[in-house]
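Input: structures, listed below.
Look for chain A in each of the two complexes below; its partner is chain B in the first and chain C in the second.
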Partner chain A sequence: MSHETVLSVKGITKLFASTRALVDVTLDFKAGEVRGLIGENGSGKSTLSNVISGQLHPDDGTMELHGKPYKPANNVDAKNHKICMIVQEMGTIDGMTVAANIFLGKEDIFQNKAGLLDTKRMNSEAARILKEIGVDYIKPEALVNKMPFEDRKIVEMARAMYLEPEILIVDETTTALSQKGRDILYDIMAKMKEQNKTVIFISHDLDEVMSKCDSISVMRDGSYVDTLQVKDCTPSQIRQLMVGREIGDEYYRADYNHEYSDEVVLECENINAGILKDISLQLHKGEILGLAGLTDCGIHELGKVLFGLITPATGSVHVHRDGHTAEIKKPITAIHNKVGYVSKNRDQEALMLLSSIQDNISLPSLDMLKKGFIIFPKSEKELALKGADQMQIKMRGIDQTVMYLSGGNKQKVVLAKWIGNGSEILILDCPTRGIDVGVKAAIYRLMEKLKAEGKSILMISEELPEVIGMSDRILVLKDGEIQKEFMRGPEVTESVIIEYMI
Partner chain B sequence: MGKTKKYAVSALKGLALPVVVYLIFKLIRPATFGTPEALYIIAQQAMMVTIMSLGMCCNMTIGIWDFSPGSIVTMVGLICGYYFNQYGFWAMVAAGILSGILFGLINATAYTVLRVPSVVVTVGLMLIYESYGSVYKGGKGVSITREAGILGQAPWIFLVTLVMLIILYVIYNKTKFGFNVKAVGNNELIAKTAGINPRVVKFFSFFIAGCYFGIAGLVNLSYTTALSPAKNMGTMSVTFDAMMAGFIAIYLSGAVNRVFGIVIGTFTMKLISAGLVAIGVEATWQKVFVGAFLLFFIGFTQIKAQVNEWMNRIKRAKQVKA
Partner chain C sequence: MSEATVQKKNNRLLEFWKDKEQRGKLVRSLIPFVGLVFIILFFQISTGGRLLTSNNLRTVLNQTFSIILGACGMVFVISQGNLDFSMGSVSGFAAVVGAMSSGAGPLVSLLVALAVGAAIGALNGLLHVGLRAPANIVTLCTQFAFRGVVQVVAAAGLIIPMTWAWLDSTPVKIVVAVILVLLTVVVFSYTKFGKYCKAIGSGGIASVQSGVPLDKMKILAFMLSGTAAGLSGFFSMVRAGSVAPTTGTGLEMNVLLAIVLGGMPLSGGANSKVRAVILGSAMLAFLMNGLVIWGLNDLVQQGVKGAIFLIAVGLSFERGNIAVIK
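Up next, the complex of A and B:
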């Protein structure tokens, strides 16, 4: 198998206003390899993939595809050059069939001489592609909005694969997928490699990158650092290249204590709702309680039930604070009793994207800030500034729109709003989803600090290493039922927990 | 499920609504309401609104609000009447088709060039069209002979509507444009990244709408044979009729294709007005009923989801206890 260079990026520079997103980046991509592209948020890996896929135009530098100049006008032009990208949160179009989604914008290939579309051929062609990537249970004529999220993501993959790309860019897609979807994606990547094609794989999950890629290119602060062969390097080496300093083992908690008070602050009894079956649990003061399980096992629903977002069919949720008890039936009760909730769906459920950082941070604290019925801008600003400073949000100013912040910074805004509110109980649903190593570590440090202050955290996560690394106690859910309880300790490992998950 | 059976089930689901409406009024006024002759007249009345509503179909899918259809229908009617009196029948037909195309182009251009929300553009244009109608050729209104109104009488009125229906069915379900309309309507951003130009799609959507309103104007004049200019947004109620039919079609779209849903929708709306007349409701109150019906209908899906969730919770609680 030849390993000739397919795509060369030469001296690419891209500026956003005064920020240098990419600085003189030069690297080659070879045929028949899966190349990992890794770096912290803001390191420029997404910008680079957007330049390659034609969605951004570089300010300086050139690219060569098969030795010929390559200058895509837009993403459609890139697709015509057989370069396709699967992105993190893009999606399918509701109200249309699977086939219509796969051939979106390419319908003309099914046009007959009269200018009408041959929908039959469209469906059979879609069926062929779906079968090729091993998901023939998805029917071409089904409406996508009636399908689970996971399958819709697979339809997107089918859309990209239909074009038979020479270079496939996978941009942090796996964070949105459960194991089944990931396996399908990995199969596609392996197949591409077999056919001597190129995959550029962007992910925050270092273990995933290490296990799926042949080589890894590291980016830092908009610059290209180095490319390493996976077989000759270790994860800590790469982590070090990413941040430019030693991170060491202080990533998760170093201790194996599981000390917390006996005082129960939040509890639920006999919850039945959706998939959840008869769930009872207690969260204690100063405890980090981990909820582990597969995507659809009910952990996310449970978080919503505890915050009053989902009304259960039976059972109740109680919060105990300063000697009095309140039943949580609506989020407002939870917020008044200093419970905060960080959703897994950051952009849809946790942030007002078009509003400023200040508006987002101060939102749950408005009751606290008001004097009579007036909220003075000064006190709002102070609160927001304090929160932003505490969380070290990288921003131009407190009035910056949240939409254009990086994933890690967005999450900091979400956390700042609950901490600014003085929350004593935090329900964190996948708090480090789609976030780079640096911010991840900062969030873990914050959790430890909160625990030390006697605050309580319920951490819901699909990533076992962080559940094991951070929790005092772990509850494992499967099909909506609590399977097992683990206390923090060196004997609790991924393989032990996985047994109860699947 | 076999194909025939599937079609039969969807037809039953679609027809349930007009049948229920019919039965309600029939029970209240068994003697006067819904005789075969009356139904035949109702069907004829429904045709013009059907053509209008078919024209609005693509716009409604995209999420464009168009309040100009009624004023275009009136304006086209006035133009058609003038040309009939000057040059005869075929000039009238040509005037209807061509002025529809013209208004389609004006609407489409105004919307794409100005980039103002569709509600604002089309309300503005409606005021212009209505006012122009009242000064056009002296603003006295027009009338044509009964013989010239042949397109407004059975069987021609049904044939014209059928042709318009087939054309839209093909455009909406079997062309790239139709697919693009659905894509832009459901998620413009994704459509854009797939290489679809939403502005072009919207332009043609407005244009097609205009063509349909032209034909509707011609049919309307042929049916009524006399027409006076409208003012003070007087054309809004017919616009609303057509829009409501569109909403009914959206509601039925799980069972019946949107295009057929529109026909069921207009017929249902006409049945309701006829029913209200039959039970002796005043004209003003009829409007109240129709407005309330519209609000209820759009709100219904929301309420239904909530009631469903509530029922499910109770059911689940019972299961757990058992």
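Up next, the complex of A and C:
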């Protein structure tokens, strides 16, 4: 198998206003390899993939495809050059069938003699492609909006594979997928490699990149740092390249204690809501309780039920504070009893993107700040400054608009909301989703600190290493039911937990 | 100041200017001021000095007054990213009921008009929240419904006592407008309700997850908008001495146009400000007045207003909120 260079990127620079997203990036991609592209948030890896896939135009620099100049006008042009990309967020169109989504823009190949669309032929072709990538449970005639998020991602993969790309770019797709979806994607990647094609795999998850890639290119602050062969390097080496400084191995909690008070602070009883079946659980003072499971097993819904965002069909949620008990039916009750909630969908649900850092941080605390009817700007500012300071948000000032912050900084703003509000119970739904190593470590340290202060944390996560690494106790959910409870200990490993998840 | 501090200050100014986000904010906040000055100068010169005469200024004040009254209520609805198209009809209907109760004196009549406005506002809010229907559609429906009622009931015109004419005086209007604007500024910028309104416009789901009672806040905002319409209805009744089938017609468009001209995006949210109400109302009043002095007929004026509206909306809409226009 030849490992010739397929795509060369030469001196690419891309500016956004005054921010330098890419600075003089030069690197090669070879045939028959899965190349990991890794870096902290804002390091430029997504910008680079957008340049390659034709969605952004570089301000400087050139690219060569098979030795010929390559200058895609847009992503359609890139697709014509057999370069396809699967993105992190939604890329399918609601109200259309699976087959129609796969062949979007290519309908003319299914024209019959009367000039009409031959739906039957289109569906059978779609079925063939889906089968090729190892999916037989998705029906071509199904409407995409009736399907779970993950299956829609698989439709996107099918669409990309139909074009038989030479280079496939996978941009942070796996964060939205459960193990099932990931396996399908990994199969596609392996197949591409077998056919001497190229995969560019972008992810935050270092373990995933290490296990699926042949080589890894590291980016930092818009610059290309180095490319390492996976077989010759260690995770800590790469982490160091990503951050530019030494990060200790103490990424997760180092201890194996599972000490917490017997005092119950938050509990639910016999919750039935949507997929959730008869769930009862108790969160104790000073406890980090992990909720593990696949994407659609109900862990995210459970978090929303506990915060009062979803009203369960039966069952109740209670919070106990200073000897008094309240039933949580609405978020406002939860917030008044010092419960905070961090959504999995940061940009859509947890933040007001066009508002300032201050407005975002102070919003849940306005009740606390008001004197009579009036909220004085000074007290609002003080609260926001304190929160931002505690979370060490990198910013120019608290009047800065949240939209332009990096992913990790945005998450710090979300956390500052609840820290500023003095929350004693935190429900964290995928708190480190799409976040770089540096901020991830900071969030883990914060969780430890909160635990030490006697606060309680419910951590919902699809990332098993962090659930295992941080929790005192782990509840595993499958199809809306609690399958198993684990206490913190060295014997709790990923493979042990996965058995109860699938 | 030493040379070093001057240098440092200059550097900071330069940095500020280089930062696109900061610069954009500054420029956007200055446009309405510049616009107001420009409009005044433009019409003052082009009408040969007939704009800024004491007689004409009184006319402008009257026009500004009715727009400001409505805008002080509508600003809450718009900051939530909603619109209230029913304002003119509500104003007319409140005037009708106010005129009917005029026998009990001006104070009772005013309170009745305000209460009617608030009640219809609550109806708007309840329909919007309860039916989960877009607010612009709901308020368009109530606009037609109440205009219909006004046209039937006030077909022959409703008269109020002549002795109420003192209410239609410049000092009364100035006092009312100043109190109302101050109240609006306080509620909008320094209370939980005002901040919640902005939060809803900035991100509905995010505000709910931060404890904002969305439905309640929406209904309250529509009630304020309705109350403002009632107030405006009362004063147009006092000014005309009667209620006609057309009383209040077009108020909502004037209010919307004023708020947009004042620099507030119709998408609401973080960049909402009360300043827009005052500046925009004055701008629109001078503009309309200038066009009248020019001798443009009513239809052409409508056309000019429409064109200006489109330009102002285009400039102020927060495109960051949406990737594709629905």
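Here is the rule we go by: the second predicted complex is superposed on the first by the 480 of 502 C-alpha atoms of A that agree within 3 Å, B and C clash if a C-alpha of one lies under 4 Å from a C-alpha of the other, contacts with A are read in each partner's own complex, and residues count from 1 in each chain.
Rule of thumb we're sticking to: contacts are C-beta pairs under 8 Å (C-beta built on N, C-alpha and C of every residue); 3 or more make two chains touch, one makes a residue touch a chain.
Bear in mind that the values here come from a model prediction, so they are computed numbers and not experimental data.
Participant: Which holds for A:Asp108: it touches chain B only (first), chain C only (second), both, or neither?
Facilitator: first
Participant: Is A:Ile93 touching the first partner chain B, the second partner chain C, both, or neither of them?
Facilitator: First partner only, chain B.
Participant: Count the residues of chain A touched by chain B and by chain C, then name the partner with the higher count.
Facilitator: For chain A, the partner with the higher number of touched residues is C.
Participant: Where does A:Ala254 make contact in the superposed view: on chain B (first), on chain C (second), on both, or on neither?
Facilitator: In the superposed model, A:Ala254 contacts neither chain B nor chain C.
Participant: Touching A:Met368 in the superposition: chain B (first), chain C (second), both, neither?
Facilitator: After superposing on A, A:Met368 lies clear of both chain B and chain C.
Participant: Between chain B (first) and chain C (second), which does A:Ala313 come into contact with in this model arrangement: first, second, both, or neither?
Facilitator: A:Ala313 contacts chain B only, not chain C.
Participant: Between chain B (first) and chain C (second), which does A:Ser355 come into contact with in this model arrangement: first, second, both, or neither?
Facilitator: Once the two structures are laid over each other on A, A:Ser355 reaches chain C alone.
Participant: Would you check which partner chain A:Asn75 touches, where first means chain B only, second means chain C only, and both and neither mean what they say?
Facilitator: first
Participant: Can you check the complex and tell me which residues of chain B touch chain A?
Facilitator: Residues 170, 173-176, 179-180, 182-183, 185-187, 190-191, 193-196, 312-317, 320-321 of chain B touch chain A in their complex.
Participant: Can you name the residues of chain A that touch chain C in the complex?
Facilitator: 17-18, 307, 309, 330-332, 334-336, 341, 343, 348-356, 359-360, 362-364, 366-367, 370, 373-377, 396, 400-401, 403-404, 417
Participant: Could you pull out which chain A residues touch chain B in their complex?
Facilitator: That would be residues 75-76, 79, 90-96, 100, 104-108, 111, 115-117, 119, 270, 272-273, 278, 311-314 of chain A.
Participant: Within their complex, state which residues of chain C touch chain A.
Facilitator: 18-21, 186, 190-192, 195-196, 198-199, 202-203, 205-213, 269-271, 318, 320-321
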